[in-house]
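Following this message is one structure expressed as structure tokens.
Naming follows writing order (A, B, C and D), and every chain is counted from residue 1.
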């Protein structure tokens, strides 16, 4: 990859970060803000993983192992425990 | 020489395996579970009985087949069958997979989860007797809401040796509450609605005869209900490791007739 | 570069060759012997427990002298019983079966069976072993700290494990337990990364994934799920440490009241720990049992002289089990206060595991059909493993089912079930593996006669003990009880404790026969031929015992799958993986 | 014998790496998966406690977000310099690679310094593992444990990079060594992306 790619990536990352800060301090709230921030986070991850870590030029099998390994397991964990977080909140007598 | 040893060992293994299967089934036919004393328990027992019969048959079949193969093919000096075709492999696996899916998933979907949903996902009947059980190392604090059906406020900050539940004396709802230790009294055929809390560690509210088990979790107030349908005294055990006295954290559930229960409640309040 | 020189030069000094060795075979044997040592420790702990359960409250003056704190004046204290139970579980799960199967057989077999000279990272491999040694010492040493060893169960549920005044064992013992587990996880991660990398990258020419023996497949999958599941537990263990010593409340809610004192914590919940623990804990049992199944399946063709039934399907089933194992951890928590809807999901998911497991079981039994069965000691233990896998697996139908689990959760039914599976199947497979690969390790055979006696004592005793526990559990007998004399409904089972204990002592005693056989055979055993079992897998194509670097100048080339027995048109009933297609037809 | 260039054939047949990578690079990727899952565990726990908590502190009051933005900027920039260093090492421009490695190390040290400053100002304001002047004490605990864990990764990353820098000065390091160290550094940056979003903004 040419050096230019790295610095273009760097610039994009900066823009997204500034955008996230602006969105956070702006008038947006609730689910929309959450969705935007998470989407921006995914974009940043894609930029770093794809361009800085050269994942884009690796073989697809490696990409799948790395990306699915972390994402699926992490999501499975969170999906499994999140309902109980709400249940604990409900049964702890706070709401 | 090698062949005759193989025959001897194969036959002994087969016989032992057959005997084991017979032992499993013979033991399984005995009555193990404590006598049933609750309404929803019938559903749990049906689930367990279904699994027992299905699994018992499978164990019998499996051990018989395994034993037969050992018996038969330890007597064989030449390979009679080499590589199974993919079709054959798939067919046998499919049979096993379907049978197992039918027993396991079929059982839980038809017999299991409806009972589960009834236990955990239905409101208690409106006439249910509310009882609060607060667990601590190593005792069951029992509190009845009294005629108003409302428990008085409690706070951990108010806990003292004389006030183990931290009952707030200012709260009028607590005036008619009745507090007891380690013995829960309930009415036969009237739902009991338990409010389970814990002061310190995890405990588990286990009534073997009533097929009730629910962990008590500090920080959470967990509600569930059941209907005792036999009078008598049943033991309450702790089923979640809670410390040194875990093995002796014994309580009692005394199921009384309506008259007896009311009489006791009256006496308790006066005394 | 390094390849050729490694093949030729053996390390010169004793220390580099046998102690700080980077040779995978030496490390494998080190792991195996460490596991055997820990097994004696773990078995000794349970022998003490069974003494208490058989004769509760009896005074054993001589034991009082060995454990002056836990058995003051010879009578066992409840806290000591809980420490024994906790450490028995921890040691057996992590330091015996994981160590023996993955550390021992994994290290020894992976390079040999895929045709590599060593692991991808030999130094890391050595480091992995020398991290496990302090972990073992920390675990065993924790018996002698103030308050004794950890006593909150191998699951270490808070608040019992998080509040230091909740239990004597929750003083320093629990901290050392966390430290030992952290070391274990570090060691496992080093080993697991090494295994997966090696299996991906180091297979010799022709050794495609679908030509790997099932032992390697199962090691691969077990390492992979271990690597995915251990990290969240490490995170949770760090937080538990902070709860214990840093004043945080990750697992502690507000309102905790201990020893006439209100604790200042707030915000956390014990449920969170349970989730994270079982997120590892459930995959962990597959980490244990899958390699055992792999060894069992691998040895069957050798002693039936016919190919394995359903190799391809078995591989797919292993993948299915691995995937399912990551999303069913909640079946350990049905009555924990967890959301009942999530419980339904976990019940359906858990019972789905029965399907691939049954297919594997059927493949095992079907592999016997039509063969010529021979019963040297390894085959006896293979049959034992099949029986335990069948019988034990059925217990899972009761426990995976949320409804019957309401009654059976935390009773002896659970104890019986998981001992048959991750105790019985793994133990049987490990014994089979030791008897089978012993010649590869030491160039000598173990005694057949002692081996047979060992099997005929071990197998029935094990079956009897844990079958009985299933029935005790049905009778509603809760686990982790120091004594059963307080409850009337359990009185009629009093006699069964004695029977179970006697069988347990027999089982424990029989293992010394194995130890004697093992260490005697290292020096005195009959010299083994290069391929004593006439087996087709790759490890037997190297000289026995395998030299440093495993093969001479050239690595072997693989032309077929590992189970080509009785190939029509071949000479002899065993066609090794290295035989080219021009010599004997390739059938798979 | 196992240089990346020599192995390009796609193959699972044995004898070559199926991913066309050297062992150490594959190993680093797998390590990143496991280490990433430690953070996944921490963040899942954080998410759980957040959902279970009745109230959560207002982060805009607790932190100076512009300062956090500066930290983020530093880390992203160090990642870009790292990528450049890896590219230079691959092209055989050793001098350039060393220069950018040094810049990366400086960036890492700068980040650590800023984190130390952030921590000390929070501690001075009364935040500890068990208390938090801005609200739920658990947020403070999560913050210190998780950013501390990340900070320790940055520190170990700086040490690895420094070692690579020294080795390359002695002519010992191969391009793959720089790349593997770079992967780790980018991973540390990647984790910060999560922490930045989930801790400071959401």
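Basically, a residue touches a chain if its C-beta (ideal position, glycine included) is under 8 Å from a C-beta of that chain, and two chains touch if they have at least 3 such contacts.
None of these values were measured; they are calculated from a predicted model.
Asks: Among the chains, which one keeps its Cα centre farthest from the Cα centre of chain D?
Replies: B
Asks: With chain centres taken as the means of their Cα atoms, state the distance from chain A to chain D in Å.
Replies: A distance of 15 Å separates the two centres.
Asks: How many angstrom between the C-alpha centroids of chain D and chain C?
Replies: 34
Asks: Using the average of all C-alpha atoms in each chain as its centre, how far is it in Å between chain B and chain C?
Replies: Centre separation, chain B to chain C: 28 Å.
Asks: With centres defined as the mean C-alpha position, give me the chain A-chain B separation in Å.
Replies: Their C-alpha centroids are separated by 42 Å.
Asks: Please set out, as single numbers or ranges, the residues of chain C touching at least two other chains.
Replies: Expected reply: 228, 232, 253, 268-269, 271-272, 275-276, 337, 341.
Asks: Two or more other chains touching the same residue: where does that happen in chain A?
Replies: Touching at least two other chains: 69, 73, 77, 81, 84, 86, 88, 91-92.
Asks: Could you list the positions in chain D whose residues touch two or more of the other chains?
Replies: Residue numbers touching two or more other chains: 18-19, 21, 26, 30, 33, 36-37, 40-41, 44, 48-49, 52-53.
Asks: Which chains are in touch, pair by pair?
Replies: Result for touching pairs of chains: A-B, A-C, A-D, B-C, C-D.
Asks: Please output the residues of chain B touching chain C within their complex, sorted ascending.
Replies: It comes out as residues 2, 5-6, 9-10, 13, 16-17, 20, 23-24, 27-28, 30, 32-34, 43-44, 47-48, 51, 54-55, 58-59, 62-63, 65-66, 69-70, 73-74, 76-84, 86, 89-90, 92-93, 96-97, 99-101, 103-105, 107-109, 111-113, 115-117, 119-121, 136-137, 156-157, 159, 161, 199-202, 204, 206, 208-209, 211-220, 222, 235, 237-248, 250.
Asks: In the complex, go through chain C and note every residue touching chain B.
Replies: So the residues of chain C in touch with chain B come to 78-79, 82, 152-153, 157, 159-160, 163, 166-168, 252-258, 260, 262, 268-271, 304-307, 309-310, 312-313, 335-337, 340-341, 343-344, 347-348, 351-352, 354-356, 358-359, 361-363, 365-366, 368-375, 380, 383, 386-387, 390-391, 394, 397-398, 400-404, 406-411, 459-460, 463, 467, 471, 474-476, 478, 480-484, 486-489, 565-568, 573, 587-588.
Asks: Considering the complex alone, what residue numbers of chain D touch chain A?
Replies: 10, 18-21, 26, 29-30, 32-33, 36-37, 40-41, 43-44, 47-54, 60, 65, 69, 72-73, 76-77, 79-80, 82-84, 87-88, 182-183, 186-187, 189-190, 193-194, 196-198, 201-202
Asks: Touching chain D in the complex: which residues of chain C?
Replies: 1, 3, 114-115, 120-121, 189, 192-194, 196-197, 200-209, 211, 227-228, 230-236, 238-239, 242, 246-250, 264-269, 272, 275-276, 558
Asks: Within their complex, state which residues of chain A touch chain B.
Replies: 88, 91-93
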